[in-house]
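Presented sequentially are two complexes of chain A, the first with chain B as partner and the second with chain C.
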Partner chain A sequence: MKAILPEARAFASIIEALSRVVDEASMKFTPEKVVLRALDPAKVSMFIMELPSILFEEYDVEEEVKIGFNTAVLLKLLKRSKRDDKLEIALEEGYAKFSIIGAYSKLYKILNIETAEEELPEPRIELNVNAIIHSEPLKHAIKDAETIGDVVEFSAETEDELIIKGKGETSETETRISKESGALISLEVKEPSKSTYAIEHIKNIVSLTKVADTVEVSFSTRMPLKLAFTILGEGKVTYFLAPKVE
Partner chain B sequence: MANIVVHEKPDLDRAREAIRNALSRRKNIYILANCSVDYFGRSSSHLDFGERLIIIKSDGAVLIHRPTGHSPVNWQPETSYIGVDYDSEEGMLVLKALRTKPRELVTVKLSDVFLIVEAELRDPGAFYMHISEKEIRDILAANPKLLGENFTTIDIEKKVEPGFIDLYLKDEKGNVVVIEIKRLTARVDAVRQLKKYIDSLKNYMRTEKIRGIIAAPSITKKAYELLLKEKLEFKQINIEALAKHVSKEGKKSLFDYFKGV
Partner chain C sequence: MSLGLIIFNVKTTTQNLLSRLEIAAWFNNMPVKVHAKLCVQCKGVRRLCGKPLCPILLRFRASVRAISKVRISGDNIIFGSTPPTLIVGEGGYPEVNIYTGIVSDKDPKLYDNPEAWWGRLSLEKIIELRSSLILPRRRCRVSIAKLSSTGNFYEVQLASASRKPVDTEAKLLKKPYPILRFDGLIAPLGPTAPLERIRIIDNPSLDRVVEKVINDYDLKAKKGVRILYSKGVSIYDIIRVFSAGLLGKIRKRKLVPTRWAITAVDSMLCDMLVKKVRNYPSINNFLVYNVTYLGNHFEILLIPGVYSFELLEIWLPRTVWTGSILKPIVIENYELWDGKIRRDIDGGYYALKLGVLENLYSLRRQALVIAIREIGTEYYAPVGNWHIRESARKMFNKKPEKFSGLKEALAAIGKRLSVGLETVIENSVLLRNVLRQEKITKYM
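For the complex of A and B:
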């Protein structure tokens, strides 16, 4: 099996976020796409990556294979990639080979780890608020909230505004994402909703805002938060986080 | 035999005296009254007049219960000051409970007192919360440092060829740590089970150093001898102490929210 992804740096940002959620993960290569689903040890968040074969410059996968890896180890290699570098992933005799192809090639050969975990099911969930916003304001809202306390509250009452609040013991920060400011692209509110999430988990995926200009934010009161990032046009990284229930 | 003093439909003067007396003697006080509640602290709230139960415990904890629902509408787990005074302008008793860290003040205005019970209660009973092996595992997975070392949880119920590893962690030095949890005294078969898991892991992991630990309230002598022979470790866990970490709300995992899973 061999696949060449033209944007190694984008993949590095994805793995960077993933490495903060789990220490080990496995990518399943099928003839159509690459799928990765990981659940954090506390079982409150899930990281899903789907890269269809069309994203790859070369995609040679005849039968389904799995590559299990240590996320920190893979990240170390990927971090060394520069802009315009490509990433080649191949499987050879029990070893996963990751190569950065650019001005010169760097090859990393790691033992394919049998992560031997059950396949995580495709999450099915209906949420009342579905917003598409620019990812920069999301990153800033979360960073602001981090300075105040350890929870962040997402709320939407009308289809004009998405509000992200950071709540601390004695203070609060508020980021209003609206069409006027240009940060809000679309907002559907089936029912006014408000839900709180732990920052220690959300901040892990902030690095994904580097690779996606927009993000789909969905939530319902006392239900999980869903953040979906479109990567390189056709790929998707989705993050689910259980609400913080008092 | 508990010492109980009951005041039925006391006028406000008598109510104030009874409450003051009981407070100074650190008794448990139960008051049924028509009252309003004002809370000021991290946030603030006001509850209009209604008939409620006010509980003041001998350790200074204060709770206010409405006629329905199981949770108190307002509560202070500890207070540094509780006092009651008569407000002649409003013609009501004012009960104030102050907490200093964080600073919170609950002010209860009582317009009508129906019942006051002063009680000196003795409760030496030990509390045993029955927790399952799964709950022990979940508590240790969320708080691995409870095992006495700077562990990081990597996985729980990790599948290996012979079965499932309860807890799969990493220690400070980066070594892989496999933990087998037993709710009761660990016996020889537990040690053998742990050894099987470790041998299975060694087959596909390049790491030479895998630590195996039995976590249990106690271990039999024979099991301990086998443990030492196999270069495994034993960590004693206190089930009662762990039980305190069980969240009564039942913290939900992400999957509890998904449909049809």
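For the complex of A and C:
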């Protein structure tokens, strides 16, 4: 098998987020797409990456194969890539080969490790709030909240405004994302909702805001949060996070 | 309270120990009821009840008089070795008492070596050992440390930094009064008497790194502590050197009361380790470690997640501080990922935290730490916080129990505790916080 991604850096950002969620993960290459699903050790969140074959410059996968890897090791390699570098992924005799192709090409061979993970189903949930926002304000809202406490609250009362609050023991931060400011692209509220999530988990995937301009934010009262990032046009990274309940 | 302290301070400088005890006894006989919860928080260190000397500790002084077996020749000269032991008192700061421990025994080191005590010595044996360590004292200003780089006082300072025991001779002004003083932070202190002169006979043998750091006159004390620690110098040696005023920029050097030094060194090292540990990946399973020593039972639960730390101290009825109270007293202290403590600090908290952090550091992992210390009646006398530090360090030598869920891990802990699990959960901020977090698997 062989697959060439046009942007190594974008993939590096995905792996950066992934490496904060799990130590080891496994990518499944099927003739149609590349899928990766991972649960964090505390089983609080789930990370799903889906890259359809059309995203790749070259995609040669005849039968289903899996590449298991240590996320920290792969991240270290990918961080060496520069802008406009391409990434070639191949599998050869128990080794996964990652080549960064730019002005010259660098090849990294890492052992294809078996991960014990069973097939994970995607969470099946109906969420009442659905918003598409620019990713930049989300990043800042999370960073703000991080400075004062350990939880962040998402709420939407009307279809005008999405509010992200950071809550500490003695202080609060608040980010309002509305259509007037331009940061809110669309907002659909079936029922006014308010729900709280742990910052220690959300902050893990902040690096995805580097590669995705917009993000789809969905949540409901006392239900999980779903963040869907669109990457390289057709690719998608979805992050589910279970709520904190009183 | 303030009146009491003033009288007390005046008296300490002018009168001998006996009258100090009399004054303390007078204050302690005042009809003030002190709640055991206050004692548990204070542990005789912080004088929360407002009395000049802790009445509980005073009671111990009286009861161990008989243990001391020290014999001293008629001319009040004692000859022996210092393990080394150097204690700096805090009363009257900036003019403080300095005690140099001297013992005549084949193995002087054993008298001041918490690392070797742990797991081997019983409470009785520790008390016995410490009651035959004589502590001649002299009074000096703390700033003496910046002046001396020669002379008798410098010799005493250097002896305290020695790796091996140093032969020492002291002439006392009078016979030591055979008592043993207990303290929440320091190991019990033996008989003391004012000093006429002290002579360090041997050459102290210094570790090369210790020698280098104490001869570096431009190195900040904090930096010095870190260097010594990272070169593997025992924390008890670091505390002694720090306390003796041998660290820091030369013009800022001063003696540091031992109690303050213990907590200062612990907290400096904790800060250093927290910064490192916070960058490591989280553990993957729920791990439980436990150990019991000196009637203190420790349970440490590591939960996958970002570093934070919580200590629950459960004092069962009829222990040192709880007296005749009927229900266990729980005190709780915690910090979140930022490493800032939310409540009053306590020397035991730091000691335990240091032990746990050292182990997380060597695992190159971070975790949410719930530490439980349950104190039973066998711990009838406080012997310092070293045993907490050592317990936390050494319990990681055993293989931990591994669990995939929090409920199972808690159940295993619950079986070994005398109090119910509800008591633990009720009092633990972090555990409640973790339990509030739902699992994503619930929605799959």
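Here are a few things to note about the model shown:
One rule holds in what follows: the second predicted complex is superposed on the first by the 246 of 246 C-alpha atoms of A that agree within 3 Å, B and C clash if a C-alpha of one lies under 4 Å from a C-alpha of the other, contacts with A are read in each partner's own complex, and residues count from 1 in each chain.
Operating definition for what follows: a contact is a pair of C-beta atoms (placed from the backbone, for glycine too) under 8 Å apart; a residue touches a chain by one contact, two chains touch by 3 or more.
This structure is a prediction, so every number in the text was calculated from the model and none was measured.
When both complexes are superposed on chain A, chain B and chain C clash.
Applying the stated contact rule after C-alpha superposition, one finds that A:170 touches chain B and leaves chain C untouched. In the superposition on chain A, no contact is made by A:63 with either chain B or chain C. Contact with chain B, but none with chain C, is seen for A:111 once the two complexes are overlaid on the shared chain. Contacts of A:43 after superposition on the shared chain: both chain B and chain C are touched. Once the two complexes are overlaid on the shared chain, A:200 sits against chain C while remaining clear of chain B.
Of the two partner chains, both chain B and chain C are touched by A:241. Contact with chain C, but none with chain B, is seen for A:150 once the two complexes are overlaid on the shared chain. In the superposed model, A:72 lies in contact with chain C only, and not with chain B.
By the touch criterion defined above, A:125 lies against chain B and chain C together after alignment on the C-alpha atoms of chain A. In this superposition on chain A, the options for chain B are 27-35, 135-143 or 189-197, and chain C clashes with just 135-143. Of the residues of chain A, those at positions 23, 39, 41-46, 121, 123-125, 169, 223-224, 240-242, 245-246 touch chain B in one of the two structures and chain C in the other. Contacts from chain A toward chain B in the complex involve residues 23-24, 39, 41-46, 111, 113-114, 116-118, 121, 123-126, 169-170, 223-224, 240-242, 245-246. Residues of chain B touching chain A in their complex: 42, 102, 141-142, 153-156, 158-160, 170, 204-206, 249, 251-261. Those residues of chain A that touch chain C in the shared complex are 23, 39-46, 72, 120-125, 150, 169, 198, 200, 223-224, 240-246. Those residues of chain C that touch chain A in the complex are listed here as 281-285, 303-306, 336-337, 342, 433, 436-444.
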